[in-house]
Structures are given as structure tokens and as C-alpha cells.
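What follows is chain A paired twice: with chain B in the first complex and chain C in the second.
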Partner chain A sequence: MATTLGKNNSGASSFESVGRSIPRVEARAKVTGKAEYVHNLRLPGMLYGKVYRSTVAHARIKGVDVSAARMLPGVHAVYTAADIMKLVPDPHYGPAFHDQPVLAIDKVRHVGEPVALVLAADPHVAEAAVQMISADYEELPAVFDEIEAMTSKAVVHEVLKPAGTFPDLKHLKGKRDTNIALDFHLRRGDAQKAFAAADHVFEHTFRTQQVLHVPLEPFVTVADPTPNQLVIHTASQSPSFVRIEIARLLGWPENRVRVKVPYLGGGFGAKLYIKLEALVAIAALLAGRPVKISLTMEEQFYQITKHAATLRIKSGVSRDGKILARECEVWWNGGAYADIGPRVTQKSGFTAPGPYDIDHVSIDSYALYTNLPAAGALRGFGIPQLVWAYESHTDMIAKALNIDPLAIRRKNILREGRPQATGTLMRDAGIEQVLERLARRMQWEKAFDHEGSDNDKGTIRRGRGIAIGFKASISPTTSVAIVNVSADGSVMVNCSTVDMGQGSDTAMAQIVAEALGIPVEAVTLVHPDTDVTPYDMATLGSRSTYHMGHAAKLAAEDARDKLVALAQEVGLSAETTPIPDIFRKKYGMQAGNIVGVGSFIPPYTPPEPGTGQTPDATPFWMIGATGAEVEVDTETGEFKVTRLVNIVDVGRPVNPAIVETQISGATLMQLGFTLSERMEFDAGQVTNASLADYKIPGIRDVPAVMENEAVDMVQKSGPFGAKGVGESGTFGVSPAIASAIDDAVGVRLTSLPLTAEAVYRGLRANAGRPLED
Partner chain B sequence: MTTHRTIAFTLNGSPVTAHVGNHQNLVELLQGQGLFGARESCAQGLCGCCTVVVDGQAVSGCLTMATLVDGADVRTIEEPQDGEGGLDAVQQAFIETGAFQCGFCTPGFILMTRQLLDANPHPSDDEIRHYLAGNLCRCAAYPEIIKAVRLAAKKRKG
Partner chain C sequence: MNPFELAEPRTLKSAVKLLDAGDESVRVFGGCTALMLMMKTGVFQPTRLISLRGIESRYSKVTSAGDGSLRIGALTTLGALGRFTAVKKRAPVIVDTLRTLSNVRVRNVATLGGHLAHADPHMDLPPVLIALDAQVVTAATAGSRTLAVADLFTGYYETALARNELISEVVVPARAGRRAAYVKLTTRGADDWPTLGIAVSFVTDGKVLTDARFVVSAATEKPLRLASVEAVLNGATVDDALLARAGEAAAAEAELVGDARGSAAYKTELLRVHAGRALRKALAA
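Right after this comes the complex of A and B.
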């Protein structure tokens, strides 16, 4: 099939490839079990690593005895921090703080922290050897709660070590005896004055629990020390970051570290920055052989989690429900290592007042170290915690003032062109469209029957709730792409975006096909390989469609321009000559390439310190709303979510079918975080680190009715009108269900997860017969 | 510490012999044969990622000792199918309905769906949910999986 360049349709409004629900480009590989994951990789001479982990939450290490493990036949090596430091004198890593050691040095800061590593050709031998290691600890007081961490005498890190990457962390350098890893403040107007003048002031405190990503492919990394390079094959969402950070640790130039990423068996924000890579890389260099570490499901519970948070929110409201002022304090439980927590604190912190038009706003947001497993980014980057608080708060105000939940939102939402709390004006943010569409699909203005069906009458009460949230895309971040046209007219896209199931390979193929005006079947993706795919900040925060989509489109346009020029040079028209004929005329045979390059970083203005004000906080806004209907059994507190309606603004969907799967997938994941998932701890030890005891949603947990819709919107600054979608479905789920429960039985829950027991306690309390704790 | 023995079994229709340790499970045995579609994830038989069909019955490969398949008929997701392009109706239906995202759990869902439709060619939605309750999908492509099972049932009918 000889393809010809299509017409340049950058300014068009109808498209050939964008907007089509084609199957994923890797669909066949995935249904035959042949898709490539790091999980599959075995190299000649490869050793398997198994980790010996801390059993205490906070302690000085007095000694680690590895002698018996070293003696076990089949063990190749056992390493502790002392061995690591022979190669890397300061082996601390992290995206925001250089606070995390490759193996624990002097101190352990959470249960499950890696203390020693065993290498053996047989993983079962390595596992047996780990059991023969022992450590002697002098236990220190530990702190687990984020509020206590603010003033606790137990200090997780003696000295703060910001990485230097982010300007707003620099002032923390060398700070001692504090658990506060970042404090972010925003001031707009004068909230205190407005409270004094308001008819009503409401204040509530909300809590969210620590949960985790649980990708079904647990963390896995292979490092291969070749003569000229260290090659790292890793299930990572951020290959460029891994290369830069490993090169920094080793003191090597970037081009001596090669990071390759095939498909991921799920990521959800877990597989970002450095996870196993530093340990595996250094172990492979020490051993002089390839090393692989695959975590077990249990170990996954100690690698990275989602922040538990306490959120206090206070609003001054007029008699008719207009929100005049809002004060938010948020404490994020970051665990023992900062990971990307300080970014969550700031980048999500500034949307804490919600998608509402409020003149007087005050926000204080704190990232805290505690002696729990580290918390990082998880599908929403702090937003689901914030939406949980501000939307529950909104409905509690509405109820107190006897205003309808839809009416109070209509009265207060941020409309197009109005300033958000940072002062940035809202553009292409379909808050109103999403809210109105949700109201319509829920038939909100029709009477709702709170009685159960005939056979349940007496014990079942029905209720409904709505919630809406928004998120600013993290900014500023960079993506670079290469589009390589071969002499037969087939096209490869080199980009470091990682397809972890969200469908980015397919989306990029559609965007490039559209920009070149060629069939999408002519385009393939080169998977992340830092030797050949250029820099990308990371696959996170729903940024790839917009940022990498832009870069890929620019690269395709560059390739198109070069192809047009080449055709002109040889006296042909690129628009009527099949691409292979242009190459043949130039090179006399099927030879040569056209390489287009695109690089994208959106405009951005950093927030003013102290006030958080900026005219340009983000390149685009993501909007998501959920409506829920529930049935609650008044005798037991048990409840069932019978209907979920999820409405989002994703701009123009590149692939509507994949977008819908993203919306419902995000919603169902958040349903788990709302109803069943909670990491349980005993002195810092996770007591339910197994899928038997930590319940993620199964197929029977899907509500009987689920509706997903992307409203008709265009992100004018986006590639072909598109923007991100991966997280928007999570925003409204938790507060919508909590409000529906309140609507059904008058019980307002303020802590996640929402359980039958909590509802039952509320019912008993309402009846004047509270249960004892 | 361990003992090894040689076993013989049928793998996707072809006779195979393998030298296995008594501590190894079926997933490890298959990896040794270059097959990676059965994946160990939870290691407790709770997620279904390691599903393998042994003597016509879907089992958790992570809980099945390798030595136990001596003499058995073992079939995996990699087995070529008779349908168009080597895919059967279930695989085609999973593609057409977009019933997966990351694809890590997909082989288990496909093998279980085949077994469901063999036993019950026209399952109701409730029966589909009940039958697939032992398979987890963290991307939560469940609504699409239900659609895929319905479509596969229709395709099989012809």
C-alpha cells in the first residue's frame, strides 16, 4: 500500500484518524499472551535478587548479620548499604528530596524498608537466604499520624535534603528536626474579614485512608551491565527520569545509561521516578552480571502508596448559599520518604477550594514525613482526597441551609473566564457543561423515590448524590518526539510515553496519522528506549495526550514539511505523489529517511511565594463529576451502589472507546478506595498485605447501572482539541456516594472508606442509641 | 534442599518433557518453555492472572506444583486457535469490545470465558459476573469484559 501525504488539516474541525474508536494497536499481542512485559525478560547469566526488609518502623541499625546467608550454597552475593557505598558514596535518590537510600544506612524509617539484598541464580535460593539474615535494632519512637507529625518529637529525617530540581523546595535545604517536607500557602482576598461578615460559617474535618495502586504486574526491574553501558529494563512510567537519576548516582553521562520500557501491567502512578531501579542497577554493577528483582504482591504494599490525608475546610456563606470565603488546611501523610509528595502538596493544594468562584481564599497545605511506607502519586495526584472534602462540605452546607445540592453548585461554580484561586482565568474548562449534563442524566429535577422496591419496603431507603471536581495539569513539563518516515512510506513514532494500559500507543498513532494525513495502520510506535526515544518528563497526571500529543503532532508536521521540500527538490508534488516515489526519485532506490522532531513545553508562570498567585498555573483543566444512587438497609447499615453516572470534560476524545474505558476504569478504581480498600497497620506493619485481605474491586462490585460520558468540548490549545482523561473519572465518586447515603438515611460519613459499620453507627447515633467504640 | 524429576506432558497439543524441581509451580514450568502468558501476580490463587487449563479444567498456575502436570494435557493462552488470524471468538470479542487496558490479566479472563461458554453457551449477565468473580482486573475493564462475553457467545453461535 503506497501512501500519499494527505492535505494539511491542522486547522480543520473534522478528522480522519482522530476521533475514531479503532482497537488498540497492541490488541492482538495482549489477547494471545504475547505482549512484552519486563516480567517476561530473562538474560543469560542473570541473577535474581531478593530483599531483606526492616521489621520495625523506626530504629537505629546496630548491626546486620548476613554471614549465614553468604554461606548458603547457590548464593552469589549478599549486599548491605556498606557494599552499595563502595560504588556510590552517597546513594540517596528521589524526585523532590534526595532522602531515600538504596539500602538502609544507619537507620530504618518504615517497616518493609530494604536493608540487605541477596543475589542467586535460583530465586528460591535467594529467598531462602533472606530468611537467614538478621538485624539488630535500637528502636526509636515512631510517628504515624500526619497531624502528630507536625509537632512530634519523633523526627523521621534529621536533616532535609531537597533535590534542587524545584525552586520552591530550596528554602528547606539543611532544615533540621522537622517532619514538614513542604508547606504551601495560598492567599487571595481576605478570608478572615469575609468570615466575620458572612451570615453563616461552616467548618468540617475529613479524613482519607492510606491505600495503594496494586498494579497486577508488581514492580520489576532488570539491569544488564554491558561493556559500554548499563542497560535497565524496567516497568517504569518515567524512563527519562530513571536515566537521569541513575546517571547522577553513578556520576556517569546520561548516554552510558540506557533505559528500556516495554508494556506495563498497570501503573496508576506507582511506577514513577526511582523504585527498584537504583538497587538493581548498583547490584548488577557490583556483581558484574544481569540482575532481576520482581516484587511479590506482599512486598508491593511497602513500595509506594497513596497519601492518607486530614482536610479541614471552613466556609463563610451568605443566607442564600453564595460561598464568600473559604479556608483549607490539608495535611498529607507522606510516609518515610518524600517521593513526589511535595508536588502533591503544591500542585494539588492550589485547587483545594474546589471548582467554585470564591473571592476570599486561604490555603495551607503540608507534606509530612511519618514512619509509614512512602506515599506518592496515585491516579489524581491528591485531587480525589480534596474533592472528597470539598464536595462533602458543599452538601453539608446545602443541607444546613436547606438548599438543593444542584442549586448550591449552580450558584457557585467557576464559570468560563472567571479567576480560579490562583488568579488564573478558567479557559476551556467545562465545569458548567459537566454539571448540567450530570443533572440531566440523573434527572435531578424530577422527584426521587426514597422508598425501596415493594419487597424491600420497611428496611431499604434509597438516596442519591452528586459531586464535581477539577484538576490542573501539572506544569511546566516537557515532551519531545521523533517521527521517522521510511522510504516505503511507513512511519515510526519515537516517544518515551509509556503505554501502561491507557492506550497512549494508539492515541499517538492516531495523532501522527492525522497530522500526516496517512492511514493509522501505516504508523507504529517505538517503545521507550532512552537510546532512541527522546526526553519525556513522565507518563503521569493525564499529561501525555496533551504534551506528548503536541510533540508528536509537531514532529509529524516537521516531517511533512521536510517531505514536501524533498518532493519539491526532485520536481514532484508531495500531495499527489506516493511517498515511496519521492524517496525513489531522490535516492534511486528504496532508501533514506525523513526525520521530523517536535518538542513541547507549555507556557507557565510560577506562583508567587506566600500568596500562590499566578496568571498561568496550568495549560489545561480536567473536569469530572459523578452522580450516585444507593440503597441502604436501615437495619444493618449495609448499602449498595445501584447506579453511577460519570461525566467528564476531556476535550475532543482522540479515541472515544478507549476514553470511555478510561472513565469507567478510573471510576471503579475510586469505588474501591471509597468502599473497601484500606491499608491496616499495627506499629507500622501492614496487617492486610494480600489480595485476600485488601479488597480491590472485582467484577461483581460493578454497579448494576454505570453510565460514562465525555461532554462535547474542545480544548483549543490541545492537539486536535484533545486533553487528558486518565484521572477525571475518579474525582466525584467518593463524595457522591457519601451524599447519597446521607440523602437515604441521614447519616453523614466524613472518613473513608465508607463502610456498613460506619453507617450503622450513624443510624444508632441518630436514634439516640449510639454503639460503644 | 530440593529434588528434581523429569516429567512428560502435552503442551498446547505437542508432547514436551521437562526437568523440574519439586518446589516449582506451573507458572515457572511454563516460563521455562518460553511461555509468559500465565503470570504470577498475587501468588495466592486470588487474581486469576496465572490461569492455565490442565486436563480441560482452568487452574491457578501459581498454586499448581509443576510436577503435578506429569502426563497431563496443558493448554495456555498462547495456543493457536482455529478462528480468523489464529484467534477464537472470545479473543476476537475481547478486541472488538476493547475489554482490556494493560492486558496483564487478559489471558486469564479469556481462558475462563472459554470455559464458561463451553459449559453455558448463553450466560446471563449475573452468570457472567458470578463465573468471572475469581479474576481481577485492576484497570477495571469489567463493563467491557461483560460485553465481550456476550459478543463471544453470539459469535460462537455463528
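Right after this comes the complex of A and C.
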């Protein structure tokens, strides 16, 4: 393959590689079962770890008896916190707070918290030994509800311990006897005054339930203590973070910890920061042998979840439907450990008023500790909870004022160039384009037939709804990439972006191929390995295409410049000479490399404390809208989503086919959170911790008609006009369906999930005969 | 999972002998779909498992007798069951029920005998077989006996089978003009255990119903015939009022249990409405 550098097309508007739906580079390996996953990794001498977990939600640990387990033949070791602390005196970790112990110390704070670890060469022996461990607890009052946690006497953490990473958490250091892990406030204009002057004031409260990611590959980590390094093979979305945090815990330099990540069987925000890595790393060092822990599907329910939330919204509205003022209070149920919850509180908090142009805004957003499994990032980072509330609220206002749902949105949406609640001006944010495209595809302005089309004795009523949401990218974050051109003209991209199914390997190859003007087939990706792939903040929040895309493009341009210089040095033209000939002329044979480096961090201004105002809150905005059509059985409340139309603004799609699967995947994931998924608890114990009892959507739950579209937009600041895509499909799903149900039968649901029973109870209440239990 | 002994007898007779009347940790399996889940979660820890897969092949077949009845070997997989021409012809309600019973991977290994003996009230075929007046034939060291499927279930995961007794066959009597239907209601997604199951059957000349069977499952501790509904139906002419009366009778008689799939009150409302719909489905069958 003798490739020649293409012409420099940085300023071009039509492209060779970007914008093409080339097949995913890993597709064949995956469907033939040859792709590499940590689950398949076995090392010589490896021990398997099984975790003994807390059975109570909140208690002081009076004692842990591991003697019988240690005696079981085949058991290599049993560790408790005391053993961990021999190696790491303060074994607390976390991205926002150093609040999570590697194994419980003195206290347990949720059911399922790891208390002890058994190591054995045979995982079944380790499992049997776990059954022989017992713990003696002095139970403490527990708090499960986020509103109660605001004032409860039950305190999950006696002292707050911010990690020091985020400036807006510093004021919480050493704070005692509170469950509030972050309070975020935004003030713009004077909401109270505007309420007084408004024609109408509406106030509603909404609830969302605790759910989880359910990657089909559960958490798995292997740690291998080699003579010079600790090598960690892990299914992680954040290899760089794992290296830094493990090095911090051990007091080692970064280069003595090596983190390798192959493909992931799904991540969705679950596999971020430290999950199993600290426990596995320390166990491997204590044992002096490689250690592997693979969680079962059931154990995943205690590892990380998505925040349940209570959201109160109050709006002052003029007679003709103009929103004049909005006040939002949001309480995020963060569970027993902060994980990245405080970021959800702030980063999502500031978009709580929705994609609307409102002069007077007040937001209070609280991250709360409770005695439930920890909550963190999950596809949307708090946004789906907020959109659920503000779009339901919007339609409730519209209905009360007898205004069409599309009309009220047209009247109020944030248009290009207008300031968002933070004061940041909207740039390249296709809110209007997305809304108008949705309206057209839904044929919103045509009459809609509410009667059932089938002949089910007239018991079916049809309805439709629309909803639109937006999200800021998490900022500021850094990505670094290396582009390595070999002497035959083939190219490797070293970057720590994790391909967890979203297709980033393919997208990065396309971006680098475009920047070099070479065929995409000439580019391969080096998977995250912190010894050879440089720093990346993490694969999260739809940031990789933009941030790593920029870094990869910069690295490719750097390589290109160096190649042009090399050609000049040997008296050749880089634009007409095949790349191998340039190297051969320089080195006399097929030898040498050109290494380009790119580093990217977007401009950012931190929000003012107290008011949350900033001129530069985010490098880009993600927009997503959904239209839903439903059929409701008026005799039973059973309903079916018959059509979902999902429209997003992703800038210029790097790979349109992958973009479409990202939209449909996000939408279906949110469909599960809307209709069927709910973690059920009894005194903090999950009572449906299995895929038989926790219902994710199956193929027969997919709506008969699903349409997914990215509107024609360009993110001018993005690499080749692109921006993030992974989450936008989630935004509008829940409120669009709830509004469609209301449109069909006049039942407005304000809690997720939306169940047939809730609809039925609403029908009965409307009829003046509430269903009695 | 702890180590256990695995026995693979070649005959039903020797399988029965390997059972131990006094030891709950000795169990037989056909497809092992249910037991395996219980073993993985530690709910069941066997000392000995007896695989029935190697026993006489006649227990994996369906035969039809001259009188129109079906004899189904207990080791017939649920997948195979739906593919036998005799079943399609003589008990189409079974084929219809199998379409939404679990998934193809489970159906291809799970057996009818295990499906019944497990006595999970959420299973789909028990109410259907009760509505068809089916019987089970059992094998034990003491000999063989026959009992109605309706009498097989004694409670939540409990059967009338002795610990050393196995189901060997299921007999479905001839249809003789009988129509039947099963309605599986799920409330948390299409692929779920039923919130409520309703199986109905009756004989009809096109207008008047006789010899009706009305069975509810899933929201009860075992599948139950509702006598008051059958009384409403027997001898009555089909019209909307009759179907409504059947629903009222069902809602009044059934004592349903609430769970994560729905409250008892809501399931009762589902029964009230879907009773008539199940009867209509049978009429159209």
C-alpha cells in the first residue's frame, strides 16, 4: 500500500473519509468471537477473587470472622480492611471525594458493600469460602430517600472528604454531620420578582427511579504484579484516571502502574474512575500473584447506578405562553459514595431550566448521600432526569393555557446567539433545527386521529407527544494523541479513548485519515495502554469525538508537517511522492518513523460561585428531541409505544451509520428507563438483582416504527465540524411518551417508570372512582 | 458452586432408583434451565444430580392415539413440542402458548416434565394443560399412577409428587369440538414472567357454551380453576353481557397476589377485563 499524503484539507468543506459510513473496524473480530476482552484473560498463577458483601444498609462493624474461610483447603488468602491498610494506610478513593474504602473500614454504608475478599486458584473454592465468612454489625439508622437525607439524623459520612480535584468542592472539606455532598446554585435575573408579575405560576414535582447500566460484560479487572510494574488489565472507560489514582493510593510514580484496556462489552458510564481496580491491585500486591475479579450480573446491582431524583419546577408564564421566570430545585440520590455524583449535580444542574430563553432563573441542585448503592454517570449524566421534569412541566403548562405543545416550544426555545442560564451564548446549537425537523417528521401540524385504528372494540385511544432537551459537554477536559507514521506509509494512532461499542476506533481512524489525506484503511488504532497511549480524561459524556478527535487531528497535522519537512530535506515533494519513498530516500531502506503529537483542552471559564454565571460553560451543546406515538387501552391502562422519532444535532456526523446506531441505542436504553427498569429495595437490599426480575427492553419491546436522524449542522469549533453523539438520543424519550399518554387518555404521570398500572389508576381517578387496594 | 455427583442413567427405572426419598439435595433434571439458576445463586446446592437425558427415547416423543388423545413424553423439549404435527393439529393452543414462553434457547432444552414438576406458578403451560383436562403419568419405585394436572400442584413450588416419583408422560385428551385459548399478560416489557395468565376452554356449537374450564395463574400461588366463572359460562349463549359477567365472577372469586409486576387490585382489574377477551380469543380459535 503505497500511500501519498493528500492535500491539506483543514479548511475544506467536503471530505474523503469523514462523513462516510465505513464499516466498523472491529466488527468482524466481534462477530467472529475474536475480539479481546478482559473476561477472556488468564495469566499463569492467577488467583480468583470473590467478595464478601454487607447484608445491612448502615452499621458499625463490630467484627468480621474470616477464620473458617481461611481454613478451607484451596483458599490462598482472605483479606479485610486491616490487611489492605498494611499496604495502603488510607485506602479511600473517588473522583470527587476520597470517600470510598477499598474494603469497608469500621462502617458499612450500603447493602452489597465489599467487606472482605477471598483469593483462591479455583473460583468455586473462593465462592464457597465467602459463604463461611460472617460479620457482626451494630446497626445504625439508615436513610434512603433523597429529600429525607437533606435533614435526616442518619448521617452516611461523618466528615466530608473532597478529593481536591474540583475547585467547587473545596469549601466542603471537613464539613461534618451532613449528607449534602454538593449544593450548586445558579441565579440569573430575579425569579421571585418575575413570579409576582407573571399572569400564571405553575409548580410541579417529578420523580425518577434508581436504575443501572447493565453492561452485558459485567465489571472485570486483572492485576499482575510484575517485577518493575503493576500491570492492570481492566474493562475501564478511564485508563488514565485508573493509573493516576492507583499510583496515588500506592504512593508510586505513574510510570510504575500500567493500565491496559481492550474492548469493552458496554460501559454507559458505569466503568469510570475506580471500580474493582483498587481492590484487585492491592490484593495482587499482597498476594504476590496475579488476581482477577469478575463480578456476576447480580453483583453489578451494588457497584454503580443512576441517580434517582426528585425535581421541583416552578414557572412564571405570561397569558400567551412566554416563560418569564423559572425556579428549579433538584435533589440527586447519590447513594453511599459520591463517585462522580457531585459533577452530575453541577454539570447537569446548570441546564435544569431546559433549552428555553428565560430571563429570570434560579437553580438549587443538591447531591445527597444515602444508604443505597452509589450512583454515578449514566448515559446523559443527569440530563434525562432533568428533561423528564422540564418537558413534562412544559406540556402541563401548555395544556393548562390551551397552547399547542409545538407552539409553546417555538415561542420559548433558546435561539442561536442567545444567552443560556449561565450567560454562555448559544453557538452552533441546533435547538430550532431539531425541533422543526421533529415537527415535520411527526407531521405535527396535521390533524391527528386519536381513535384506535384497530378493531379492539373501541377501547384503544391514540396519543402523541414531543420533547426536546440539551446538554453541555463536561469541561474543561484534556485529550492527548500520538500519530505514528511507519516507513511503509501505514499509520497507528495511539490514544486512550476506549472503544466500548460506540465505534470510536472507526471514528478516530476516519479523522486521522482525513487529516493526512490517506485512505482510512491505512490507519489502525493502538488500544489504551498507559505505557504507550497518552493521557485522556476518560471516555465519557460524549466527549471523545470532539476532544480526542481534536487531539488526533492535531497529531495527524503535526505528523503531516514533519513528513512535509522530511520530504523537503531530501529534496522531494510530499504531495506527489509516495510516503515509503520519502522514508527510503532519507534512511536508505524501509526504516524510521514520523511521530506527531496533539494535545487538546477547550477554552473554559469556571462559573462564579453563588450565581453560576460564566461566559464559557461548554465547548459545545448536544441537542436531542423525541416524538412519540402511543396506543392506550382505556379499559386496562396497558399501552404500546408505536412510533418513536429521534432527532439530534451531532454537528457533522463522522460516520452516519454509526451515528444512527448511537441514536437508536441511546433511545432504546432510555425506553427501558422509561417503561420497565426500576431497582426495587427492601431496607436497602435490591430485591430484583437479576435480569429475570430487572427488565431491560427486549427486541419485542422495540417500537414498530423508529426513525433516527441527525439534522444538517456543523459544529464550527469541532474536528471537521463534528461533536458528541452518545447521549443525545436519551433526552426526549421519557417526557415524549408521558405526554403522548396524556394526549391519548388525559392521564399525566409524574413518576418514572411509566407503568400500565399507573395509567389505569389515573383513568380511575379521572372517572372519580380511584382504585382501592 | 460446590462439587456434586452427576448420574446419567440409561433408563427411567434406574433414574427413579437413584432418587432418595429423604434427601432434598438429590434432584433430577431434564433441561436444567431452572435448577441451574438456583444453583448459580446458591439457593440450591446439590449433592447428586441425575440427568434424564440418556433415558429411553420414547420419553422425548409425542404420539397420538386413535381416540384423538396426545401422549407427550415428559422429556420432550418445549421447542420440539410445538413442532409435532399432532400437537399443531390437536392442541393448537399449546403451540400458540409456546410462542411467547421464555425464549428459543430455553425452549430448546427445557422439558415439559420439568416445566410441570418445578411448579413455579408463573409457568405458561400448566394453566393451559389444566384447561385441556390433561393428566400426568408418573413413575415411582412403587409403580405408576395417573393424576390430573389440576391436582398435580399443591402450592407455591409444591406438587403432589413424592420425592422419588417422576413424571413420565402427559396425556392430553381428545378435543372433540373443544376450543381453547391462553392469554399471557406482561406489564414490564414483552419478555417477562406473566403478571397474570388466563387459560380457557369450552365446547360450543357456535352459540351455547358447555363444559367450560377457566384457569388463572401467575398471580396465584398455583394455577387455579375458577368454578364461579365456569358456572356462569356453562349453558350460556355468548354475548357481550355474558363475557362481562364472566369477568365480574373471575374478579370476585380470584384472590390474586400483588408483586413488582402489579398490585393485587390492579391484577384483579386486568382479570376482570381480560377474562372476556380470553374467551373471545378461544371463540375465534
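Throughout what follows, the second predicted complex is superposed on the first by the 770 of 773 C-alpha atoms of A that agree within 3 Å, B and C clash if a C-alpha of one lies under 4 Å from a C-alpha of the other, contacts with A are read in each partner's own complex, and residues count from 1 in each chain.
Assume contacts are C-beta pairs under 8 Å (C-beta built on N, C-alpha and C of every residue); 3 or more make two chains touch, one makes a residue touch a chain.
In this text the structure is predicted, and so the values were computed from the model without any measurement.
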First (chain B), second (chain C), both or neither touched by A:175: neither
Chain B versus chain C as contact partner of A:124, first or second or both or neither: both
Chain B versus chain C as contact partner of A:207, first or second or both or neither: neither
Partner chain in contact with A:34 - chain B first, chain C second, else both or neither: first
Touch count on chain A, higher of chain B and chain C: B
Contacts of A:695 with chain B and chain C, given as first, second, both or neither: second
Partner chain(s) touched by A:636 [first = chain B, second = chain C, both, neither]: second
Common interface residues of chain A - those touching chain B in one complex and chain C in the other: 124, 128, 296, 690, 692, 696-698, 700
Chain C to chain A touching residues, read off their complex: 1-3, 37, 40-42, 185, 187-193, 258, 260, 262-266, 269-270, 273-274
Chain A - residues contacting chain B, complex: 21, 23-24, 26-35, 37, 39-40, 42, 124-125, 128, 213-218, 263-268, 296-297, 500-503, 657-658, 661-662, 664-665, 667-669, 690-692, 696-700, 702, 706
Residue ranges of chain B touching chain A (in the complex, touch as defined): 1-2, 21, 23-24, 31, 35-39, 41-44, 46-47, 49, 76-78, 85-87, 91, 94-96, 98, 100-107, 110, 128-130, 132-133, 135-146
Contact set on chain A toward chain C in their complex: 124, 127-128, 131, 296, 298, 635-636, 638, 672, 675-676, 678, 680, 687-688, 690, 692-693, 695-698, 700-701, 755-757, 760-761, 771-773
